[in-house]
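Next come two complexes built around chain A: one with chain B, the other with chain C.
Right after this comes the complex of A and B.
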């Protein structure tokens, strides 16, 4: 049996638990439909005259397409239309072009070269699914098989086959500069030299299927107003809509996308392949078209969670403090980028896990290989590296002879600590989680470890950004010419230094566009949370700090040093919610900043300022 | 030949809502003719409870009962833009957009009620039961329903609100990796108890004791459902699942649920959960998304427990009986590391 307890005693002075609806175990409104089988899925939107689409797929890891002969397939019973690459109006895309990240590199249907087993080279639209399958089997493709590469590190070698011509070095290009994403914080070599132990390990995350019960699919149909409706299993409605509009070179306003109940997503329904194919089918035939992966396609052609390989090296002091840690990571993206490039950025911002380590460096590679493209899955960019980090922490604990839980608490990050991505940690709770797990399992920890708190002991010198050693190893294309090391900081190329304390401007949420949208902090369930340390460059451009809720006090004038105070010690909970919070003082008028609605300019009438007339 | 007990630990944090792309979500709220409220979104409910959580957030912010709120979503013609349900952004981004939209609608609601009651809107409060009353004068009250009817049919006002939540894109420094990656972090720690059969190499997880810090459990039952399901997925990832059993070789890839292994209902592990709540300042009511992170600590905790049981480090997933047996063989037999 399982049990759940809510530890309301912890962090009680940061919460107002007297809310009307938040925190209540309200039953979901759609549950009756789910348990009685009445919730509509995309596949329930069946149309009269619905056509079915299936893909002809590559049997090779890597091959040039000499020719595609569809003449026999076209004559098969029930076949309405054969779809080839030339039928796709704008047949080159990368998913993250919607946020302007990466180069267009993947075709919806291939015509020149296949780069993984299962890559589509043609599609058949027929009256029934069986007829479409039969016709697919009748398409003759003449392939010239090419050498392939399946291991990401082999793919980085100078003589490796080129998987994806848009990225001829088999790596995603980061910032038009490097073939990997770097993280540099402090001086890891110095840290290693001061350490009593060096602990190294290599970890391999397996490719994993999202395994939804409902496979990816969509049904598209022409609407009477020169638009197309698409019922889809997508996880991201406008992501799929935007991708379809781009591939089909069609105004997105001509697309009407309807999602709804999804039979399991877990990250596998973001890739937006079934939607453009089904809409393309509806455009080409003028009839409703369904495109749905079968189970085998879902498991072997649909993008899985990608494999990741990690190497970690730690420099550890005798007492268990980790002084330096480096990571070398290889994300096996498969033949195309999909979302892997983005996961690596997320992962780099996560390194080195929830620990305060004074010297950290990482190189993470998005590597192309001749396998099914990888994509998002629950914990994307994090699950694999967390597996590596936490297995590694146990090796460190064994090396120094410490209880594994105590080792984590000793190295845990706390409020006010500087993280390697150069932002301060806040709202941390790792130590408390370790303590509660210890209590619940009866795995005892020392009295000292049980006394620690995320609220205290951070900040101070732990908030400093050290002088950091940089390097320019791994420029785009360099690895193609010569075999160079993949580890951070290795190799002979020039080294640089980034001065201590160097930090850019933190990004915060855009402020509410209208003062009517600014919430009353007292109604948001926060108590006097510790005031977040002010950061240089924070821009108080709205009457209330954009983060709105807990610290209604105006952001103080900017300071040169981050100088974060450790969070104040816990105080007895205030008897009532902080309704008496003083009104936030108006932010200082900054003429160099663009004027926006809702900002009160001194001396200007409220009506003219754009504020609502009362 | 024997069964060896093992115990392993792992703890993690998890980034909630990526900032790197500039990914907005919008919400619209309006009242219906009978004084209920409709929240229009285009966000997808994957079964995790997006619709339930946004409904509760709207009700709390409006100050009306949750039964008076409906969520209409996943139609691109009626719902405003949303990037999608991924990267633990649903509760965070959409929830914040709903708060802004519901805040504006509440303002309109109180102004309409003020006109009916002939008082100042700032003197009004909602009781969360469907009534609006004058602070300190409980006798002077009007229902939300009457207010909505008066607003629409007498005053000519809409009770509606708009909301968008956007964290602008964060650049990433190519040389140092400096960035503002995410909004807040959830946390977890857990202890796994398991048994390893040194004859078959089979691993059976017997119990998990865990602590998950989720900011605020906006709906405790949905949180519980995520945590239990997530731990199941963690066990499955650690011990069973792969699309390429001989990675990087592509042979023997499973094509159906007969060959793609996952634990069944009988292998759902006894799981004792403690939920901690430390509200995050920019999250809706402090809530961090629990869904993605909850599987992560299970994988390494199982690997660490297997080592504790038989002295085999399985650094390559999944931890199959074959790998465990080969490890035991290489060590010349099981090497239990001692009770914890």
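Right after this comes the complex of A and C.
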């Protein structure tokens, strides 16, 4: 859904629809527990005979494991069990596999190769935390240190070490087709040729740790009914339950997860690492097991908001209107995908920020490096690119000599405008935000800018989807590793070229529009199947020979969504004359069977349903 | 592992427990006594969520050796309310939205109580100084400062 629809028929007798709450003190419903110290965080559950689990962690960025010697640790006082990779029944997972997105790639406990500092290679369960620590120090791991890569662009070079063998190109594979997410809207080359100024910038942010005051952890214990209870700090209880069921190859009906009281999360508690390990410990020992990260682990292996690098190029008219904007983005996913692949989809839907720009293109890469895997944090996928966009807007304002607030108002999106991800903008308020900011800061704007409104001036021709030029650069298959088929099954040929224009003219792959948008063969390493993506004489609207691009049935461009989506209000594939744009107002949300089937969709996960019983 | 008997007053009641060798007061209170109100946040004295009051002074229980509280008076958030009647600080924290996840709240309350016991009407600067050892990651410090001002009967940002 593109916007929130309130179901006012639900709980109608309990609601007064009085939402006038701003500026009034409100008492939280859980505050009494907080101020009396009685809110039940996961660690506030006491068990007799509680065992403590700690992990042996890799000291290297990248190393092959030759051997793990636990014989000394097993004889240490208080040690109950040493847990190794072979004890994990189904030791390969990716977090988003529960929504069928991405390939299983990360082991709960590693046994062949570590890919970041702190990756667990063994776990010790002991009577006390101190004994578990001592035993961890006694585990001898023989590593063959491998070359590592810590920079996303260095990781894309042909000779870069392969971080994650499931993704040998060091990029996440989107739909098994592309090594990056593409967005194409209009013709940026045309926009640049009409522009008076070209403004370019590069922006880099760092990883950010969520740093909740309560560290990640979980306590699992056998229950009397052949189930296992797990008290956890998770932010995503059913995600954690499904992940645990999958990794431990256990029916989810045997897992009783209790959560909901989280001592700060901010996205850092969705990764479902501590729950499978603590439940595994309870399974292996038959006793309650606590697995709690200490502060150092929270900072070292707690997945942060990933770093992003952005290159933005704008074509700007003399009066400040932005005619074209291109993005090249590199998300540093760390060693494993976690949620970075999804962050990029969010990000691509957000590009080019809250502005109406007629020609937009982006290539965004989810790159693996030997750093801590990155995950969710407060607006992840949006925050980093917004930082880059707003820095760049200031640079544009400087270039054209315009008040930066007025420049934003001039280019702001308005209700009814078409966003490059093919959804109409609704409830826009950037102009009003800018006006308030100018008042509050005492930074005067022109009378004309102060008169503008998000409610007017949008729509009309601004609601059209322009003819969009596509390219085939970045198709996986033409990769540096020989063991990857050049044409994956159900590959590009059978699925057609994405993102034709929607004006009734089917446009297939054309020359890449801008060198920024071309995947540099030297950088990407097309060692075995060099492609010649650019046809020198080709104009953007002329088709490319079939050898470079299989002739394509125009298909809807919405292949960048991880899950089936409701049909958009406009059918992009339906041939329509340019003027006959359908009514932009989408039909109100009216499910045929509202909520009766829950959110479960058949086939989405074999693990959440509880049907996987042994 | 040798165990040592420790006797002290916890929230006005006598407590006698055995402490493990090298056990810190936070662990003794939570596991040994069962008072779960002090929280573990860092175990190295930087976050303040384990703050308790020992003989009137705010102390980090994660850095306090359990056996050193022998004969002393320990106060925790668990003993802040007087039966069903909440302490003024608790009321003020509730009214001023001074907690979100609530994990730092017991430590904040102890740091604030130690201040108010010593200085019934502290200045804003004194409040900031008193809670400077306590990290809050969600709420932000302004509502907490407001709550402590309100608990000491002083005007806050909101009430002017």
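Basically, the second predicted complex is superposed on the first by the 452 of 614 C-alpha atoms of A that agree within 3 Å, B and C clash if a C-alpha of one lies under 4 Å from a C-alpha of the other, contacts with A are read in each partner's own complex, and residues count from 1 in each chain.
Here is the rule we go by: contacts are C-beta pairs under 8 Å (C-beta built on N, C-alpha and C of every residue); 3 or more make two chains touch, one makes a residue touch a chain.
Since the model is a prediction, treat every value here as computed from it, not as a measurement.
Shared-chain residue A:117: touches chain B; no touch with chain C. By the touch criterion defined above, A:145 lies against neither chain B nor chain C after alignment on the C-alpha atoms of chain A. Contact comparison for chain A: of chain B and chain C, B touches the greater number of residues. In the superposed model, A:137 lies in contact with neither chain B nor chain C.
Applying the stated contact rule after C-alpha superposition, one finds that A:41 touches chain C and leaves chain B untouched. Looking at the shared chain after the overlay, A:262 reaches both chain B and chain C.
Once chain A of one complex is fitted onto chain A of the other, the partner contacts of A:25 extend to both chain B and chain C.
With both structures placed on the common chain, the touch criterion links A:198 to neither chain B nor chain C.
Once the two complexes are laid over each other on the shared chain, residue contacts for A:181 go to chain B alone; chain C is not touched. Chain A uses residues 25-28, 30, 211, 261-262, 264-266, 295 to touch chain B in one structure and chain C in the other.
Remark: chain A residues 25-28, 30-39, 41, 43-44, 46, 128, 130, 211-215, 261-266, 292, 294-295 touch chain C in the complex. Those residues of chain C that touch chain A in the shared complex are 20, 22, 30-31, 34, 36-44, 46-47, 49, 76-78, 80-81, 86, 89-90, 93-97, 99-106, 109, 135-138, 158.
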